[in-house]
Amino acid sequence: MKDIIKMVVVLTVISVVAGYLLATTNKITKAPIAAARLAEKLDAMKKVLPDYDNDPVANTCVVKEAGKEWTFYVARKQGVFVGAAFEASSDQGYNGTIRILAGILPDNRIKGLEIVEQAETPGLGAKISESAFKDQFQGKAIFSTRWMVKKDGGDIDAITGATISPRAVVSALETGLAVYTNNFDKIAATADR
Amino acid sequence: MNEPVEKTLPIAAKEPTWLASSSPHAHSGDSVRKIMLTVIIALMPALAAAGIFFGWDALRLTGVCIVSCVAAEAATRKLMRRDKGIGDLSAVVTGLLLAFNLPPALPSWMAVVGSIVAIVIAKQFYGGLGYNPFNPALIGRVLLLISFPVAMTTWGPWQILSPAAGVDAITTATPLGLVKTTLGTGQPLPFVFDGDTILQFFMGAKNGCIGEVSVLALLIGGMYLLWRRCISWQVPVFYIGTVAVFATILWLADPTHNYNPLFHILTGGLVLGAFFMATDMVTTPVTKTGLMFFGIGCGVLTMVIRKWGGYPEGVSFAILIMNAFTPLLNRMTRPRVFGHGQKKKQA
Amino acid sequence: MKTRRAMFRSKGGVHPASRKRATNAMPVEFMPLSKVLFVSMVQHMGAPARPVVKKGDAVMRGQVLGEAGGYVSAPVHAPTSGKVIAISERPTQAGLPAACVEIEPDGEDRWDAARQPGPDWKTMEAKALVERIVAAGIVGMGGAGFPTHVKLSPPAGKTIDTLIINGAECEPYLTADQRLMVEAAQSIWTGVQIVRQILGARRLVMAIEDNKPDAIQAMSAAMEGTDAELVVLKTEYPQGAEKQLIYAVTGREVPSGGLPMAVGALVENVGTCAAIYDAIVEGRPLTERIVTVTGAMVRTPKNLRARIGTPLADLVAFCGGMVGLPGKIICGGPMMGLAQGSLEAAVTKTTSGVVLLPHQAVQQFSSMPCISCGRCVSACPMRLMPNTLGEMIEAEDNEGAEGLNVMDCIECGSCAYECPAHRPLVQHMRQAKAEITKQRLKKATAAKG
Amino acid sequence: MRFYKELIKGLWTENPIFRLVLGMCPALAITTSVMNAIGMGLAATFVLICSNIAIAAVHNIVPSKVRIPCYIVIIATFVTVVDLLMNAYLHELHKSLGIFIPLIVVNCIILGRAEAFASKNGVWLSIADGIGMGIGFTLSLIVVSAIREILGNATLLGYAVGHYQVALLMVLPPGGFLTLGCLLALMNHIQAGMARRSGHAYVPPPTLDCRHCAICKWGE
């Protein structure tokens, strides 16, 4: 009986001390973590959107389509709509889901494309994260481009030895673009907050 | 008859000059070296076919692989102070099989890397001939495939004899690669699989690794091996049979997204694998039942990889995976010992 | 009588070149008496015989030289008349020293006065017949040398319904049994009937391999008009092994560790049956046997009727000597026989042949690793896995080997015959079996003490 | 003196990766780049030192029946602290190490040292043990990852080391197994040589099948 009480007490004390330690750490790191995450996102936005002076991360338009919720980040400069960015994903990757962030200019051209998340084969499919692949999307008109890799009869250069990953990127982009064009009016009209 | 005879022994009886070892004193006369030699002979038609279809490249790769395998074997054996030399010819077989699994345009130095990996890591590190759990040539090939995917999947142009309407007759993909791409994206099939194409695939005028293209040449070699009792019929029959059955089921279920079973048999490394790689004695089961299951397993895995996997071809991976099952199959298919009533379940 | 093919084919087995053609058509010749006969007291399985003569004694042919050393043992008789010149220790064919009575023949070859033909065997009791067999020193002449009377005295309650006469002679080279069947079919047949009377066996089967058509013909002529069966076996080694033969003829499997009587069967060699005929009808104890002297290194291969105790060197010399240095000299067949270090050993009751192999025909064992070709697994008539067993035993895992039934190994040599890596598999098995037997004995004594 | 001995044993004689063969999961998973190896190594070292201190301090009062839960709680606490701190201040590294930071909890080195050392020794020696083991672990990871990064990515610490055809396999999981296996073999070989020179017989670990493999006898 005495043993059991001792066990309970010791475990409780250790857990309480541990809990206190964790709570403190969490308190200290909460703000920096949030800041780091935000910085990460803003950094990506800067890459895919033109110059803006609003806060696109806060200025969003949520659309429900194709069974998914799409978030469009609207960028403005001096109140004028200068572009929108959205995240899209495809599970047709070689090794799981690929998530991209794409930015579109008001003249219906792509401003930029970033790979947010991927687990493709290093040195092969993972080359979709390299600028040699990503940069080809810049300036492509969203309506006149055939959104397929060249091997499948489209306009997008694939990576040597890896067709699957670029194909997944293109398919994610194409789906996102369709949602964007369908809801363009609503997105462009999103009021600044 | 009652006259005692003189002892007229031609040699001194006290000093034995002959062997007094254990029975049996007779032997079938077969040896590891002879088996390896038979395999080498059986691979010659395929080598000739490779020479016809790929020319200089085929001979270059074969030469490089054999020389570097034998050199690696000799060097490792010397360094490890292993008694037997390269006389068993197993390194030559490994070199030949590795070369047969390489695309014709592969740079020579990559072939050397593959050979060294096959001999040193896949074979000698495990203890040499007889102790390697995996087929050394396939380990060499898979390592090259994973390490240098671009070089290992770059092919020259070849012409399809019966292209489907509106599809280019010249392509730089393998037949399996073509089918994987087009069926995967729902596009029309690139060729009509009629008599001309079937014959073309059977003879070997197509893209592929240098030793796998000519089904005819491989069948000649395979029959020779069967006739010389170097391989048992179970593996090739059940391997190719399983692929055929699997492919037929898929094809009947959905002919628009699956290809003809005959196509699956005539393309890729299936025939090379079924007759020469999945029959490697060291890495396959010893019992006939075990070999049967081995063949079926290889067939299922090959089709699963071809149908659902990332690579268009799965023979190498299928055989290597089944190699890992060999000890288990040996244990599971242990024959019932004579005079033991029921099959003994051994822990 | 009906003749049929064997109905059951056991798994495994090998097909070595038979090489019987050198001697299978040669009539048996009498081997002249040697200057000295070396009669070993170890002629059989079980306890050695005890010498009952001493140096200087004059002996007659058929006189007892050594009496049985126990129940599982057999007496040894003088092969000819002469003088005992020494009782020495000499190596047997297996190379181990054993007591040996050396006899200098007087050349007259007079039979012991006590010898007399028996009464009509058909009127004799089984017990009396067995007693005469014991007295005649008859042992299994196929090779193992198990005392015959032990086999013929099954414990009460055990019935033997099938008697199988082994004329398979599946070992390559040997033709002693084949010639005996061709030349003395009637004696064999009488011997068989005596055995059948002792056992009261319902079914009688004569089993001969299909590569001996002359023997099949001779035996079927002798058996004409009886209810016995003649089973023609497909030639395969080791078809003549007791358990394999019973299976091929009856489809019954002798249980592991059991005797043939467990499945109601009994196997007797044709030579043994002829010896039983000699003992019962002629009253002659076992003092000679047929030995095939053959192999590429013998000048003129022959089948010889040789006295027990004849030195092997004399046999070879009578056949014209050697044509060169042999690679191996084997007592018995090349699959299970004993390799001889010298020609000093002498003929025993179980010496069915002397084979002189050339160097190139001799198996050279090596220490190469197993390449898992599986040929030994296909060849093993007991359906063991010699490859795994060999590796286990090399790793000194005798317990593991016991678990994989190494004790069932009959040491037929099929695995090592097939092995392309020339691994000494049979040697491994013997070593493990000896080791396990030793451990079991130790355990048994410990349990007792 | 004892302190010094406990400090250096982790570097060679009781190196956690190459001698004790502990912590294989991170050694195979995150050694694709030297940067990852350093990050993982230091994170594990930090946890190891902290947990060693904490466990050495409390081991006298913890009943032996609940000692494993107690140790796990202590270890998990420090791991979470490291996880949060890295997320906050070393965000990029935290992203590339991913799931492997929380998994330090089940890294056998940490619990292994807690059981084998910290629970039997004082705080002072446990610090030495933690530092030594941690540094040994980190250095081992650096060796493995350097080989993999150079061969598989043609870089070292992110800087290009030359222009050549890289072997992708090296930065994929099989490359981890290959590298680690070869290094373990080399280590056994060196160990065998050292034992021989000092006049001892080298006894390989009994669980290994040493009948056929002769790598540790290479060149004898």
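Every chain is named by a letter (A, B, C and D) in the order it is written, and numbering of its residues begins at 1.
To be clear about the criterion, a contact is a pair of C-beta atoms (placed from the backbone, for glycine too) under 8 Å apart; a residue touches a chain by one contact, two chains touch by 3 or more.
Since this is a predicted model, take the numbers as computed values, not measurements.
Asks: In terms of CA centroid distance, which chain is the most far removed from chain A?
Replies: Here the answer is chain C, farthest from chain A.
Asks: Can you check which chain pair, B-C or A-B, has more C-beta pairs in contact?
Replies: B-C
Asks: Which whole number of Å gives the spacing of the CA centres of chain A and chain B?
Replies: A distance of 46 Å separates the two centres.
Asks: In angstrom, rounded to a whole number, how far apart do the mean CA points of chain C and chain D lie?
Replies: Their C-alpha centroids are separated by 67 Å.
Asks: Compute the distance, rounded to whole Å, between the mean C-alpha positions of chain A and chain C.
Replies: 87
Asks: For chain C, give me the residues that contact two or more of the other chains.
Replies: Expected reply: 369.
Asks: Return the residues of chain B touching two or more other chains; collapse runs of consecutive numbers into ranges.
Replies: 127-128, 131, 149
Asks: Could you say which residues in chain A touch two or more other chains, in rising order?
Replies: In chain A, 121, 124 touch at least two other chains.
Asks: Could you list, by residue number, the parts of chain A that touch chain D in their complex?
Replies: 3, 6-7, 10-11, 14-15, 18, 21-22, 25-26, 28-29, 32-33, 36-37, 40, 121-124
Asks: Which residues of chain C touch chain B in the complex?
Replies: Going through chain C, the ones touching chain B are 10-11, 14, 16, 30, 32-35, 95, 105, 107-109, 172, 243, 247, 253-258, 311, 313-314, 316-318, 321-322, 325-330, 334-344, 355, 357, 361-363, 365, 367-374, 377-378, 381-385, 387-388, 403-405, 408, 411, 413-414, 416-418, 420-422, 424, 426-427, 430.
Asks: What part of chain B is in contact with chain D in the complex they form?
Replies: Against chain D, chain B makes touches at 79-82, 110, 113, 121, 125-128, 131, 143, 146-149, 151.
Asks: Within the complex, which stretch of chain B touches chain C?
Replies: Within the complex, chain B touches chain C at residues 1-11, 13-28, 30-32, 34-35, 83-84, 88, 127-131, 232, 281-288, 291, 330, 334-341, 344, 346.
Asks: Okay, in this complex, where on chain D does chain A touch?
Replies: Contacts found on chain D: 32, 58, 61-63, 65-66, 69-70, 73-74, 76-77, 80-81, 84-85, 87-89, 91, 152-153, 166, 168, 171-172.
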